[in-house]
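I have a structure I would like to understand better, so I am pasting it below and will then ask my questions one at a time.
Read from first to last, the chains carry the letters A, B, C and D; within each, the first residue is number 1.
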Amino acid sequence: MKELKVTVIGGGSSYTPELINGFLMRKNELPVKEVVLVDIEDGKEKVNTVSKLAERMVKKAGLKTKITVSFNRKEALKNSDFVVTQFRVGGLEARAKDERFPLKYNVIGQETCGPGGFAKALRTIPVILDICRDIEEVCPEAWLINFTNPSGMVTEAVNKYSNVKCIGLCNVPIHMKMDFAKALGVSSEELFVEFIGLNHLVWAKSVWLKGKDITQDAIEAMTDKESLSMKNIPAIPWDRDYLKAVGMIPSPYHRYYLMTADMVEEEKEAASEGGKGTRAEIVQGVEAKLFDIYKDENVDVKPKELENRGGAYYSDAAVSLISAIFNDKKEIHTVNVLNNGIIKALPDNCIIETNAIVDNTGATPVLLKSPLDEEAVGLIHSVKSYEIATVDAAANGDKEKALVALVNNPLIPSIDISKKLLEELLEINKPYLPQFN
Amino acid sequence: MKELKVTVIGGGSSYTPELINGFLMRKNELPVKEVVLVDIEDGKEKVNTVSKLAERMVKKAGLKTKITVSFNRKEALKNSDFVVTQFRVGGLEARAKDERFPLKYNVIGQETCGPGGFAKALRTIPVILDICRDIEEVCPEAWLINFTNPSGMVTEAVNKYSNVKCIGLCNVPIHMKMDFAKALGVSSEELFVEFIGLNHLVWAKSVWLKGKDITQDAIEAMTDKESLSMKNIPAIPWDRDYLKAVGMIPSPYHRYYLMTADMVEEEKEAASEGGKGTRAEIVQGVEAKLFDIYKDENVDVKPKELENRGGAYYSDAAVSLISAIFNDKKEIHTVNVLNNGIIKALPDNCIIETNAIVDNTGATPVLLKSPLDEEAVGLIHSVKSYEIATVDAAANGDKEKALVALVNNPLIPSIDISKKLLEELLEINKPYLPQFN
Amino acid sequence: MKELKVTVIGGGSSYTPELINGFLMRKNELPVKEVVLVDIEDGKEKVNTVSKLAERMVKKAGLKTKITVSFNRKEALKNSDFVVTQFRVGGLEARAKDERFPLKYNVIGQETCGPGGFAKALRTIPVILDICRDIEEVCPEAWLINFTNPSGMVTEAVNKYSNVKCIGLCNVPIHMKMDFAKALGVSSEELFVEFIGLNHLVWAKSVWLKGKDITQDAIEAMTDKESLSMKNIPAIPWDRDYLKAVGMIPSPYHRYYLMTADMVEEEKEAASEGGKGTRAEIVQGVEAKLFDIYKDENVDVKPKELENRGGAYYSDAAVSLISAIFNDKKEIHTVNVLNNGIIKALPDNCIIETNAIVDNTGATPVLLKSPLDEEAVGLIHSVKSYEIATVDAAANGDKEKALVALVNNPLIPSIDISKKLLEELLEINKPYLPQFN
Amino acid sequence: MKELKVTVIGGGSSYTPELINGFLMRKNELPVKEVVLVDIEDGKEKVNTVSKLAERMVKKAGLKTKITVSFNRKEALKNSDFVVTQFRVGGLEARAKDERFPLKYNVIGQETCGPGGFAKALRTIPVILDICRDIEEVCPEAWLINFTNPSGMVTEAVNKYSNVKCIGLCNVPIHMKMDFAKALGVSSEELFVEFIGLNHLVWAKSVWLKGKDITQDAIEAMTDKESLSMKNIPAIPWDRDYLKAVGMIPSPYHRYYLMTADMVEEEKEAASEGGKGTRAEIVQGVEAKLFDIYKDENVDVKPKELENRGGAYYSDAAVSLISAIFNDKKEIHTVNVLNNGIIKALPDNCIIETNAIVDNTGATPVLLKSPLDEEAVGLIHSVKSYEIATVDAAANGDKEKALVALVNNPLIPSIDISKKLLEELLEINKPYLPQFN
């Protein structure tokens, strides 16, 4: 049996033990020979800490998987079978800025939505395209599993500007499914969920229990008790009347688009003096504690505290996807893939998030059981128009497209504010935006 | 030569003299035998005033066109060749409410956009469908020229729920073209403008002078001097950088979507104590003065003061369209017609505003010279998703669809506010919304 | 566990023991409580013979499945979970006529293609729609697995004119896959084949061995040795240059379209005095021998001689499909389903043959890994245009559509011949075409 | 007013006096300063004869248009405003071969359809692309009016492989319209015909008289008396039942597809010993006589005998198109243009023949009043699949695509015959097919 080399870009991330744990749990189906943790020199201490924990975890599991650290990305990529990207350009510091600078204009400040997500896309896309040029050169047959946010736009950039085989991944769909299972009191294995939309704007279009359509029950359940949400998103409850009217279940991130006013208030309070801080600022605290634990030489399994970090099911999503490819499983996964007519209103060559058959030729989308309601497509198209302009602006350093992108973003209420946000974010992120300088 | 009977629904409108003037100006190509002004009993005084002025105008022009007044719509429609609809359910009073009630939620209050336009659609669509049932019965071959706002949605309702031959019309495109001509210092006859979008959300995609593409010049001209606008829309200047980036020229109404924050402020100030009042309130004053003039038996031509009313070029648009149909002209007009693939992302059976060949088979759209940029489609689709749900809600009295419509409207920032707006507008407009009661 | 009632329309068919055998082979996953064999009075002797053999087979397998015979279709359908249709209106006698009458015009005479298939569609569609009305009334939740030819058009008629949940099935795709496996010397389980096209006009667009694209190898293999064919189609070898040029592997039935001249010659020789007879005539002999065997009370397993009948893998295709539905397997099957954009050039509501995920909500198509070459769509569209007109003609008794259908059929070389064929087939099949009388 | 330079490639054609006559008839709207007749050295005698006749015609008309002859194409193209292509690679001799060689396989032998048209496309496309490279270099703003057959495929090649502004033209639509007018006894100006399809496969989808749909009358008229046809196509009458059933009127060329058997018989008889000869052979006689007349120095107008040549209305079609462009007329012409969704089933970038608005930005198609019946699209798509492969084969010298093209052609009944035809035509046309050698 072929043995695998997996290269993790952003290997020093606090999420890495989650990923390592995933490989250990699937050792029987995934013969991982080597995991290379690639990071930048600035992250040396963190990646070394993570690497040592990973080695202890492997040893504890009685395996021989080699864990290595590299600061030479291209060298590390050689002969890789899978490349997992989970890096963050500018680190949590940059994210904290993304979350704060829009607030003064009463605009959402968030990691992946609004002007913050836009800034992150501008920082990230040139780097992922650099990585892709390396992959094309030294391991063109490798699969790139992109977990780097904004995952949809990053995956779209890879598809438009490289030949790398890439699947975009996010833990939101699996998170939603787990929440449904919990709210309905059933096992998640018994549920089937039709997901459709964009990354961080995905709908559960229908929910099935053993082949019975229980979407209405799921809507009741999700608005009955505690609301569907995630660690990083304030859990403002969903309005049951609206969910029944629209007949689908929104992702936690839909709150930014459908409860904009409330979310801005929430964020402004958190960011205010005496507030709890923005999500990045909270995470910085969580991470500091996590790394203290990681350094403890007695720790040789995934620490329970990692759950507070917010990446629940990340390992499940990523490692089961890798296994479906490697083992040619023809299994249904929810991934970010080329649209190709699944949402007819969108261009074929844009990336959507939907269910696909995964085997070792990649991810092939499955049609929806029934088409999306016409009324449901507008918001998706609106955000996709923003995303298309953003990918173009980020890849080509095109400031005009950047302005069009921000004006297109439904979270920004005017051209005037778009221009101010653009000037400000170009200035704040200057060190990370060579394409605009 | 066949002689024409034209029936005007909402005949007592202050616009009617404009329309009569149009017929008089085109007397050589349009043999109008009779114009019937249909109105409701409540509008008796106004329609009679208008009718007498019209008679004086006809006489002055030396023609024999018969001007009649009717309060029996179905009877009046018999044998009509053209039916022009310019009625306003609830009158300017209802419009004034449309303009005020959203402001407390910091939401645009406007006649055709946002919650106000939504309320107007709910009031108007059942009435137009009643009119269509009459037309189907007594003059099925007549052409319905719909000028009643929101013209796009009203025309979409007619197309979806009746068999009446209907073309929707708006004076915005011709207004824009005239403004371009003025700003560029050329004659409007020399200009050709490619219009595409929705009613009150139409773009001048390209502008041509004697076959030369002068779109960039037009952009310069429209942002150089005074801004492109209309009587009823505050003329906040357009940002040149944005217009150059997007490469097209927006309609005056785009301000509501692209400068939302500023427009809300503007409206709130106008509506505040000591402000100049909402547009409807201003128009109420203008109308009062107009009717004083109309009553003056010495007046026998279209009064100059009518220009302050805001319907510039209405007569041009409507009468030249009627003439193009009657005379089988195969002339290009900008109208509201079935999409049928012109904007590929939108359903075939929705109504868009675009250039079409008009002859006596109706209006057949012409393809765009080049497709819309992908980035430009999102906002259009977003508003169309709102419109589709609105037409459904209005025609079927479906409150769930009404909620979906408001949440879809890009001018409303949350589900919560959508629900409050919905309850309030259903209450305010109760007498005019039998379908919800 | 729920127990299943399966109703077989055309239960007296010689294929039935194949189906029974399939159920016996999958007894662990398919708890079939009862199989009802429905037939018409004229087929009493045959259905009773088959029924008794089926009972002996069940007994031999040590099961308790009840085998019943019914001549009251509606009664039999009550409470059915699955309905399998394998009836033949007019029997082999009608088929023999289908195969002979076009030959005098030098036109293909065949069971499912050309004028013969057209006549069969006209005879069959009214009957399947009658069956559907019964199903809607007495077992609306049942799945209709349609195996009756022409399977694509019959399934399209069911979808257009009834609400019955129906999947069309054909053994050609599985037959092709088995042939590839044999020619390549690999196990069929290791192969994955992307099928796309119409029923009896399906292409193997790509062939994969353990995730490696081996389409070119498969082309070599299929043209190297004995040709891909089936019992009922003369095995004229495929031209390797053409298959390489087109890059896909045609179904055996493609011969009628791509080697028309040769196939007509073949058929004319077979039908000539001293020839081997048409396929129906040969099958009549095979069937007679089969029924002699079936009558033998010592026979209690599927007789080996059934293989000569030509329905290889029918049981595999049908029973594994039923099991995938019943057990919610989310397994890929090649079936006849609504197009819905899979082949973009064809209407959404037509039936195509392609790969789909099967679970207990039915069959949901999977996108192609890459779109069909534009050059490959013409023939498919040409035949689909014939099929659309045929379904319309058959369901509505519309003679004009019938003429359009025949003229559209690429196997018929002129309007003149189309008209003669139409008159002749309406006359020959008069007893079976009430919709035209 | 700008004066025009028109360059005619294939200037020695017997059609040229027709074109010159057209310019003279429209002298008031088309200020043609110079007409350059470009030809190859082998055609010197003919082009000089034509040139002198043209000069006499100009003089007689009292104009000063300069008529020049050039054998240096690139030089001649400099500063051209319009380029008209009417050349014939290999001359009538090559056409005569195109018409004969397929007959031995019982396949249509014709100038633009079947294997003959295919051979002509292979000969012509490389030459037109050479011309385009010259135009791009020396007169990139010139309009190319392509009249060279097969006009649709040649125009498609220009659009796919060059940046030249090109409109493809054919006299078939105008010919059909004139025939309708004659058969209906009305003036052609009063008729409006909706044309849709491909070049030499165009349908009159609907016919309108002063805005009234008279398609059914036109069908009656066209099948009542003498059949719709052209000089070069045997006038086998159209079947009225079929035309009524299909609801549209076919072009004369549809006979090759819809009466294939009869047309082959016709052609075989004409080509047989004692037959009247193929069309090219007849034309060779006509041409010889025409050139005798052209040489006569007393002839100074378009000779009446030119009508026997078969290009009726060519001048009308071409010169009125040039005038519509030059004068920015926004007039409807039937032309060969990019599809862009007019026929939804076909690729956007293929060429179709349809009605378009012509102004000095070129030809912009008008939507159909109602979509094509699904049943009508199959044949069009089938021929377009052949055309797409042919254009690819011709432009790239790709023999595999050439084989696919011939197999796709609905007039060729088998792969085997396709291969034989391909080998034979490559051999026959060797001197003209450098791309395959």
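We adopt the following convention: contacts are C-beta pairs under 8 Å (C-beta built on N, C-alpha and C of every residue); 3 or more make two chains touch, one makes a residue touch a chain.
Everything numeric here is computed off the predicted structure, so don't read it as measured data.
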item	value
Each chain counted as touching chain A and chain B at once	none
Whole-Å gap separating chain B and chain C, where each centre is the average of the chain's CA atoms	56
Centre-of-Cα separation between chain D and chain B, whole angstrom	45
Shared interface positions of chain A, touching two or more other chains	344
Inter-chain touch pairs (all)	A-B, A-C, B-D, C-D
Chain A residues touching chain B - in the complex, by the definition given at the top	239, 241-242, 244-246, 258-262, 344-347, 350, 374-379, 381-386, 388-389, 392, 400-401, 403-405, 407-408, 410, 413-419
Of all residues in chain B, those that touch chain D in their complex	192, 208, 210-211, 213, 328, 330, 332, 340-342, 344, 357, 359-362, 364-369, 371
